[in-house]
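After this come two complexes, each holding subunit A, first together with subunit B and then together with subunit C.
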Partner chain A sequence: MKNVAALGPCLAVIFATAFGAMVVDRYASHRALENGQAFALHLAAYLAQEGDVAIAQEGDVAIAQLRAHPAVQSAALVKVVAADARYPFLRRLEVVAHTDPSRVGTRLLASSEDDKRVADLVHIGGVTALSDRRFQAGVGSAVVTSMPITRVGLPVFGLAIGALAALLFWLDLVRKQPTSRVRPLIGALLCVGTLFTLLGWRIVAIDRLEGAARSTADPIAATFLLAVVVLLPLVGTGVLGSMRGVGPSPHRRAYAYVAPALVGLSLLVVLPFLFGVALAFTSEVDGQTTFVGLDHFIHILSSTGRRLTEPLSFYFTAAVTIAWTGINVALHLAIGLALALVLSDPLLRFRGLYRVILIVPWAVPSYITALVWKGMFNQQYGLINHLLLKFGLEPVAWFSGFFTAFVANVTTNTWLGFPFMMVTALGALQSIPKDLYEAARIDGASAWQQFRHVTLPLLRPALIPAVLLGTVWTFNMFNVIYLVSGGAPNHATDILVTEAYRWAFEQDRYGYAAAYSVLIFLLLLVWGLFAQRLTRADES
Partner chain B sequence: MRLRDLVVHAGLVATSLLTLFPALWVVSMAFRPSQSFDTSLLPIPEVISLDNFRDLFSRPHFFRQLGNSLLVAGLTTAIGVMFSCTAAYAFSRFRFPGRRAGLLALLVTQMFPGTLMLIPLYALIESLGLLNRSAGLVLVYSTTAIPFCVWNLKGYFDTLPRELEESAMMDGAGPFVVFWRIVLPLSRPAIAVTALFSFLTAWNEFILAATFLSEEQAYTLPVTVQSFVGAFSTEWGHFAAGALVVSLPVMAVFFALQRHLVGGLTAGGVKG
Partner chain C sequence: MRGRRIAWALGVCACSAATPPAVPDPPRTELTVWHSYRGDERLAFLATVSAYDATRPDLDVVLVAVPHDALPDKLGVAIPRGNGPDVFVFAHDRVGDWAQRSYLEPLGFLTDAALAERFYDETLSPLVYRGDLYGLPLAFKCLALYYDRTLVTEPARTTDALIAQTTALRARDPAVWGLGYEVDSLYFHQPFLDGFGGALYSDERDTLAFDSNEAAASLDFVRGLLVDHKVIPNEATSALVSSLFLKHSLAYVVSGPWFRAELAGHEGWGVAPLPIVSATGRPSRPFLGVEGLMLNRYSKHKTAAFELMTALTTDDAAFVRSQTGGQLVANRQVYLRSEVRDDPFAQVFRAQLGHSVALSNRPHMRRMWTPLKDALSRAIVHGEDPAAALRLARTRVEEGAP
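Showing the complex of A and B:
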C-alpha cells in the first residue's frame, strides 16, 4: 500500500520534468531560430567578400562548402539578374546554385521591403538569411542558407531523468535503513537519461554554433566538452549507485551528505583546474594548439630576454608582490590594532559613531574604491595634487614613477583594508576578561607591559587567522592594482595575478598565462602549507 | 587625563575624516550637474541636481543590466546554499575518512585567486557558448560561493548544541529527519546571513564580469559603472551616481550584518 502511495509523487515528478522539457524545448527552438539566422548571416557575409564573379563561377563550390557544414541543411546562391531603375524595390532573381540541383535556374521576384520573402520563394524550409549588402549593390547575388531547427529538449529531458535518479539514490543513501529495492529503478532511469543525453548532445552543440561562428571555436571540441560536463554527473552517480555501499558503512551517510557539494565542486573547480594545468603545456598560434612541454615554465623562470631586476621578469614581479603584501598587511595590522585599542575603551565618548564611520571602507565595493582613488591621484584634476598645490608643493605625476605609483596603490589598499583588522581585533579584545588587567595592575605592570604580556598573547589566536586571510587577500588584490595604477609605469607595479591576467586577456597567450598561473598556484600552496603549520602550532 | 582624551579624540576625528572623505566625494559628485572631478576641498555640491541619476536610469540597457545583476547574484546564492547545506552539516557532525582533507581542500579553493581559474573557465564558457550569458557568470561565481557557504555554515552548525539532535534521535527520528526538521529550521538565521553575503560577493564582483561580458545588454551593474571611467576621459558624475546606486543597498545590508561576518570569516577564510 505504501509503495502505491509513493507512486503518486514519482509520477508527478516525471510529468513535471516532461513538461519542463517541453517548455525548454519551445524556448530552445526559438533561440535556435535566432542563432541560425546569425550563423547564416555570418556565412553569407564571408562568401560575399569573394565578389560577384567568383561566386557566380564557383557557386557550386561555395554551395558544396556550405552543404558540408553540419549546421546547414540546404543553401542557395541567388543572383540579381535584372533591376528596374524605375522600380528599385522590384528585382528579378535567379537561383544560380542550389543544394537541390533541380532548383537551379528558377526565376524569382523579390521586393526590398521584405527580403525574407526571397527565402520563402526559394522554398527552403527552416531558418533563412541572406546578405542584404548584395541587393543594395544593385546587381549581385545572395546566399541563402538554412538551418535545421534544433531541439534541445532531449538532453534536458535526459538530464532531468538523470537528476531524478541521482536524487532517489541520494535520498536512499541518506535514509536510516537503505533499501536496495530502488536500485534497479535508479539504474534504469540512468540508462534512459544517458541515452537521451547521447542523442541530444550533438544537437545542443549545433545550437551553440552561434558562439562557434563568432569565436572560431571548434564545434567538435565544444561538443566534447559539453558531453563531459553533461555525462560526468550521470556516470558518477551511476558508478556510485552500482556500489552497494560507498565506503565503510558507518561513513556512508557522511559521504552522501557531502556528495552535492562534491559534485558541484568537481565540475566547477576540479575540471577547469585540470584543464588549466593542461593548458600550461600548450601554445596556441593562429588557432593551432601545439604541445610545448615545459617551454613556458622555462621561459618564465629563466626570465628570458630580460634582466632579473627588470619589470616583466617573473622575479621582479614576485618581489613587488611580496613587498606589496608585506607592507599592506603590516599597515592594516598596525592601524587596525591601534584603532581597536583606542575604541575598546568603554568610557570613550561617541564610540559607536567612530566605529560605524571607520568601517565604511569595508562596505564600499573595492572596484569603486579603486576607481575613486585613481581619480584622486590623477595628475591634472586629482584632489591630492590640488592639496599639494595649496600647500605650495609641486604636483606629482603619480603614475609615471615606480615608487609613487606603488605608494598610490598602497594608500588605496590601506584605506580599504584596515577596517577588517580593526573589527577582528575589537571582537577579540572584548573577549579578554577584565580581571586579568586588574591582576596585572596590582602586580604593578605598566600600560605597555599590560599590552605586551596580557593583550597581545590573548589577541594572537584571533589575529593569526585574520593576518593569514589578509595576506591571501592582498596577494590576490587584483582590483586595486589593475584599476589604480594599472601596472604603470610599464608593468612595474603589476603583481603576479594582474600580470597573469594581462598575458591571457591582453596578449591572448593563454598557454603562457596558464603556466604563469600554475606558478602562482604553487607559490600560494607553499604559503598555505606554511600557514597551516603556523595555526596548528598555535592551537597546540 | 583631559589632555590625553583630547589627543585621542583629535586622532579619531582625523582618521574618521580621512575615511569618510573619499566616500563623501562620491556622494557630492553624484549630485553635481557636471562630469568633471570634484576638486573642492569640501565635498558639498554648490547646486544639487538629480541629472546624473536621470541620465543613468534612462540609459538604453540600465534596467536590463540591473536585472542581470539580480539574476546572477540570486542564482549564485541559490546554488551555493543548496549545494552546501548538507555538506556543511556532515563536516560539522560526522567524523569520516577524508574530512580533514576535504575541509583543507575547500579552504585551498577559497585561497586561490579567481584570476587563476579565469583562463580555463573562460575557455570552458566560450566553448559552451555562454559568454555574454548570465548562466556563464553564475557558473564562475559558484566556484567561490560553494566553498564559502560550506565553511560559513559549518562554523554555525558547530555552535549548535548536539543535545537537541540526540533527544530527537531518542524519540525515533532518523538522521535525515533530524537534519531536515531540527537543524535546518534552527539555522535559518545563519543560512540567511550566508546567503546574503554570497549575494553581496556576486553583486559586487567586477573583474570576472568585465572579462566574460562584452555586450552591453549582458553587463552587470559593476561593469556598467566601470565603463564610465575611460582611459582618456571619465564621466565622473555618471560614475558617482552609478556607484551610489550599486553600493548603497549593499552597504545597508553590510552594516546590518557585519557582526556576523567576522566570526565566519576568521573561522574559514574567504577570497577577495
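Showing the complex of A and C:
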C-alpha cells in the first residue's frame, strides 16, 4: 500500500518534466516556423535588391540553400505581376524558379494550398502594395510545407496518465480492502489526465493554424494554464473528499449532487473569469497579442494623461459609481420599505391590485424602461419638461450637465429597483409574529417605536442580503447608464462598467478593458468581504 | 434458437443480394454562408442563392442568418480556429482589421478584370486594404437628403438655400423644424466636415487630420444651424426625426436608404443629393459603406466558394436584390435597366455614390467614433471651442481612449 502511495511524488516529477518538455517543444516548433518564414523573407528582400536580371541566378543559389534548411521542404521564386492596369489590386504570381523544375514559368494556382502559402508569405512580409519597389523587382519566397516537429505529445501524455490511473484503480479494486488511501490519488490522476488531454488537444488545434502560431501570447492557452493551477486543487479536493473510504458516506452523495453545478460554474463562470484575468495582462495591436504585464493596471491606477477629477479618470469614475450605487440603494430601500409597510396593512382595499401594479416596473425589461425614460427626459418633446412647463417652470436640458444627467439616471434606476426591495420587505413583514406588536402595544409603544424596535430588527435578516445583492446589481447597472444618459455630458456620468465596455467594444482594447474589469471585481470583492463581516455580526 | 438466428441471417443476405446495387451519389460540397439580412433583403438574397444552388448539383449552399451585431464576434471566435462560414456578408469597415488578423482570403489573385468591371469603382476600392482586394461588393449605403414635399417644393441645392428655406418655414410655423439628424454623430457630420474641406486623415499613412481649421469651421456651421438659426431640433435622435417627419413637422432629414422602410405608406416625400456647402462651393460628401461578400481564409472549399461569390454578384442576381430586396446594388449595368433607371430613389443614391467618401477600413477607424462624438457634442451641443474639442479628440484617438 505504501509502495503504491509513493507513486504520487514520482508521478508529480514525471508530470512536471513532461509539462516542461511540452512547453519547450511548443516554443521550439514556433521558433522553427518563424525561422523558416524569416529565412524566406530575408531571401525575398535580398533578391529584391538585385533587379530582374539577377533574379534567376541568385534564385537558383538561394533555393539550394533553402533545401538545406530543416524547416523548408520546397521553395519557389515568384514574381508578382500586375494583372490589369485599371485595377491595381488584381495581380498574379508567376513562378520564376521552383524546386520542382516543371513549375517554372507557370502561374501559381489559387486552388493549390502550396501556392497559397507562397502568396501568404508574400503577405507576411508586408509586401502587398504593387508600388513597392520589391514587387517591381520581383519577390522570392519559400514554402514551409510541413513542420518537422509533431505536437501530439501532450494529449498522449494526458491519456497515459489516465490509463495509469485506471490501472491503479483496477489494482486497488482487486485488493478488495474496505478502505483505501490510494483512491484520492487515483482521482487526482484522472483529473490531471483529463485536463491535459483536453489542453493538449487544444494546443494541437491551435497549431494547425498558421495564423494562431504566429501569435506571441495566447490568452486562451494562458486561461487553460490558469485553470490547471486554480481548478485542479479545487477538483482534486472534491475528488479526495468524495473518494475517502469505500463505504457509504453522507458527503459522497452531497458531492454527487453538487458536481453538476460545479461543472456548470467552472465552464460558465470560472473559465471566462480566468480568461478575463489572463487577457488583462495582454495587449493586442494589429492582430498580434503581446504580454504587457501590469502595464494596463499601472496606466489605469495612475490615471495617465488626465487629472484625477476628470471624467475618464479611474478615480473620478469610481467616485461616480460609488455615489450612484449608494444613492440608488438608499432610494430603493426607502421607497421599497415604505410601500411594503403600506401594502402590508390588512385594512387596505385592493391590496393585491396595488402589489401587481407596483411590481410592473420590475417585470418590464430594463432596457425598454431605460429607453422610455430617456424619451421622457427629452428636452424638446419629453414628458418631464412638459410637466415642468405646466407648473410654470423652465424646461431642463437634462443631459447637458452632470447633475441633471445623474438625476435622470438615478430616477430611472429607482423606478426599476424599488419593486425588488418592496417584494423582499413584504415577504419578511408577513413573517413577523403579530403577537410581538400586541405585546409592544400593551407596553405602550408608539407606532414609530414599534417600527423601530420590532419591525426593523426583524426585517434586517431579510433586508441585508437584499441590500448586498442590490448593491452589486446597481454597481454594474450597465443598461440604465448606457441607454439613458449614455455617459453624457462627456463621460461624466459613466460608471466603471460602462467605461470598461467603451474600452473594449468602442476602442477595441480588450486587454485594457479586462484590466478595468479585474479592478471592478476587486472593488466588489472588498465590498463582499466587508458585507460578509456585517452579516456575521448581525447573525451573532 | 440458434437455427432461428441463422435463418434471419440468411434472409437478410438474400434481401441484400436481391437489391440492385445503389448508384453512389456524386460527392456534394457544402458551402456555408453567414449573413445578417432580414425581411425583403433576406428573401432576395435567398432567391439568388437558391437559383445558383439549383444549377450546381455538386453543391449544397447553407445560408445561416446571424444577427448583425453578433456577426463580427462570431467570426472572431470561429475563423481563427479553422471554423466558421466559407463566405459571409458584412460591411467593408472591418476589412482592414480582419485582413490583418488573416481572417480573409485576398481575392486579387482570383479576380480578373472582367469580374471587376461589373462593379462601380467606388464600391470596389473600400474592399481593398493595403493593395489587396478582400471582397466582392453587393450593395452600398450612404446618406442623402430626404425632404417633405408638402413643406418644400424644390429641394435646396446649397446650404444657404437650405437655411433660407427652413428659417422661412420656422417663421411661418414654429412647430415645424428645418433639418433633422443626430448632430453629435460623426457619421452624420461627415458631409459637412468634407464640405468644409476637412478630413479624418490627411494621407494614406493614417495621419490624423480632423483637428484642422476646416473641421472646426464645419462644427461652427452646425452649431449655427442648431443655436443661431434654430432649424435643428435639440437632442434629435433617429426616433424623434422619424416621428417629426412622419407628422410633416420636419422639412429635411439627412439619412440613408434604410430610412425608406420607415416611410412605408407615408406620402409626400422625396429624396435629393446632399447640398453643396455654400461657404466653400464643395459638395457635402457622406461616408460610403459597402456590403461585400468575403471569403474565409480557412475555408476548405475556396474555389467553390469563390465561384459562389461570383455567381451571387452577377448583374441578374444584383437585379433581383435591387427589385425584391430594395438594395442599392454595386453593379453598374443594373442601373441601366428600365426598372431601376426610372426609380428616382435609386438614381439619387447612385448619383450620391459619385460624391461620397469611403468609410475607412483601417482597423483604428473604430477608435475614432467615440472621441469624435464627444468633440461634436462639446462643440455643437455645449458650445465649447471647436478647435479645443477636436484637439482633445485627437489626443484620445492617439492614446486609444474613448
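In the analysis below, the second predicted complex is superposed on the first by the 284 of 540 C-alpha atoms of A that agree within 3 Å, B and C clash if a C-alpha of one lies under 4 Å from a C-alpha of the other, contacts with A are read in each partner's own complex, and residues count from 1 in each chain.
As a working rule, a contact is a pair of C-beta atoms (placed from the backbone, for glycine too) under 8 Å apart; a residue touches a chain by one contact, two chains touch by 3 or more.
No experiment lies behind these values; they were computed from the predicted model shown.
Peer 1: Is A:P457 in contact with subunit B, with subunit C, with both, or with neither (first, second, both, neither)?
Peer 2: neither
Peer 1: Output check: A:A488 vs subunit B and subunit C. Expected answer is one of first, second, both, neither. What do you get?
Peer 2: Touch status of A:A488: second partner only.
Peer 1: Who does A:V360 touch here: subunit B (first), subunit C (second), both, or neither?
Peer 2: Touch partner of A:V360: subunit B, not subunit C.
Peer 1: Quick check on the superposed pair: does A:P101 touch subunit B, subunit C, both, or neither? Answer first, second, both or neither.
Peer 2: In the superposition, A:P101 touches no partner, neither subunit B nor subunit C.
Peer 1: Quick one: classify A:M477 as touching subunit B (first), subunit C (second), both or neither.
Peer 2: Touch partner of A:M477: subunit B, not subunit C.
Peer 1: Name the contact category of A:W373: first (subunit B only), second (subunit C only), both, or neither.
Peer 2: first
Peer 1: Who contacts more of subunit A, subunit B or subunit C?
Peer 2: Per-residue touch count on subunit A favours B.
Peer 1: Given the touch rule stated above, what does A:G352 touch, subunit B (first), subunit C (second), both, or neither?
Peer 2: A:G352: touches no partner chain.
Peer 1: Based on the superposed arrangement, let me know which partner A:Y381 touches: subunit B (first), subunit C (second), both, or neither?
Peer 2: both
Peer 1: Between subunit B (first) and subunit C (second), which does A:Y255 come into contact with in this model arrangement: first, second, both, or neither?
Peer 2: first
Peer 1: Find the residues of subunit A that appear in the contact set with subunit B and again in the contact set with subunit C.
Peer 2: 208-212, 375, 378, 381
Peer 1: Across the complex, what residues on subunit A touch subunit B?
Peer 2: On the subunit A side, the touching residues are 171, 174-176, 208-212, 215, 217-218, 221-222, 225-226, 229, 247, 250-251, 253-265, 268-269, 271-273, 275-276, 279, 339, 342-343, 348-349, 354, 356-369, 371-376, 378, 381-383, 386-387, 390, 415, 420, 423-424, 427, 462, 465-466, 468-469, 472-473, 475-479, 482-483, 497-498, 500-501, 504-505, 510, 513-514, 517, 520-521, 524-525, 528, 532.
Peer 1: Could you list, by residue number, the parts of subunit C that touch subunit A in their complex?
Peer 2: 80-82, 97, 100-102, 106, 108-113, 116, 124, 128, 130-133, 233-235, 239-240, 297-298, 302-303, 306, 363, 366-367, 369-370, 374, 377-378, 381-382, 395, 399-402
Peer 1: Within their complex, state which residues of subunit A touch subunit C.
Peer 2: Its residues touching subunit C are 83-84, 86-93, 108, 110-111, 116, 119, 123, 128-131, 205-206, 208-212, 286-287, 305, 312, 375, 378-381, 397, 399-400, 488-491, 499, 502-503, 506-509, 512.
Peer 1: Can you check the complex and tell me which residues of subunit B touch subunit A?
Peer 2: Its residues touching subunit A are 8-9, 11-12, 15-16, 18-20, 22-23, 25-26, 36-39, 41, 79, 82-84, 86-87, 89-91, 94-97, 99, 102, 104, 106-109, 111-124, 126-131, 139, 142-143, 146-147, 150, 174-176, 179, 204, 206-207, 211, 222, 225-226, 229, 234, 236, 239, 243, 246-247, 250-251, 254-255, 258, 262-263, 265-267, 269-272.
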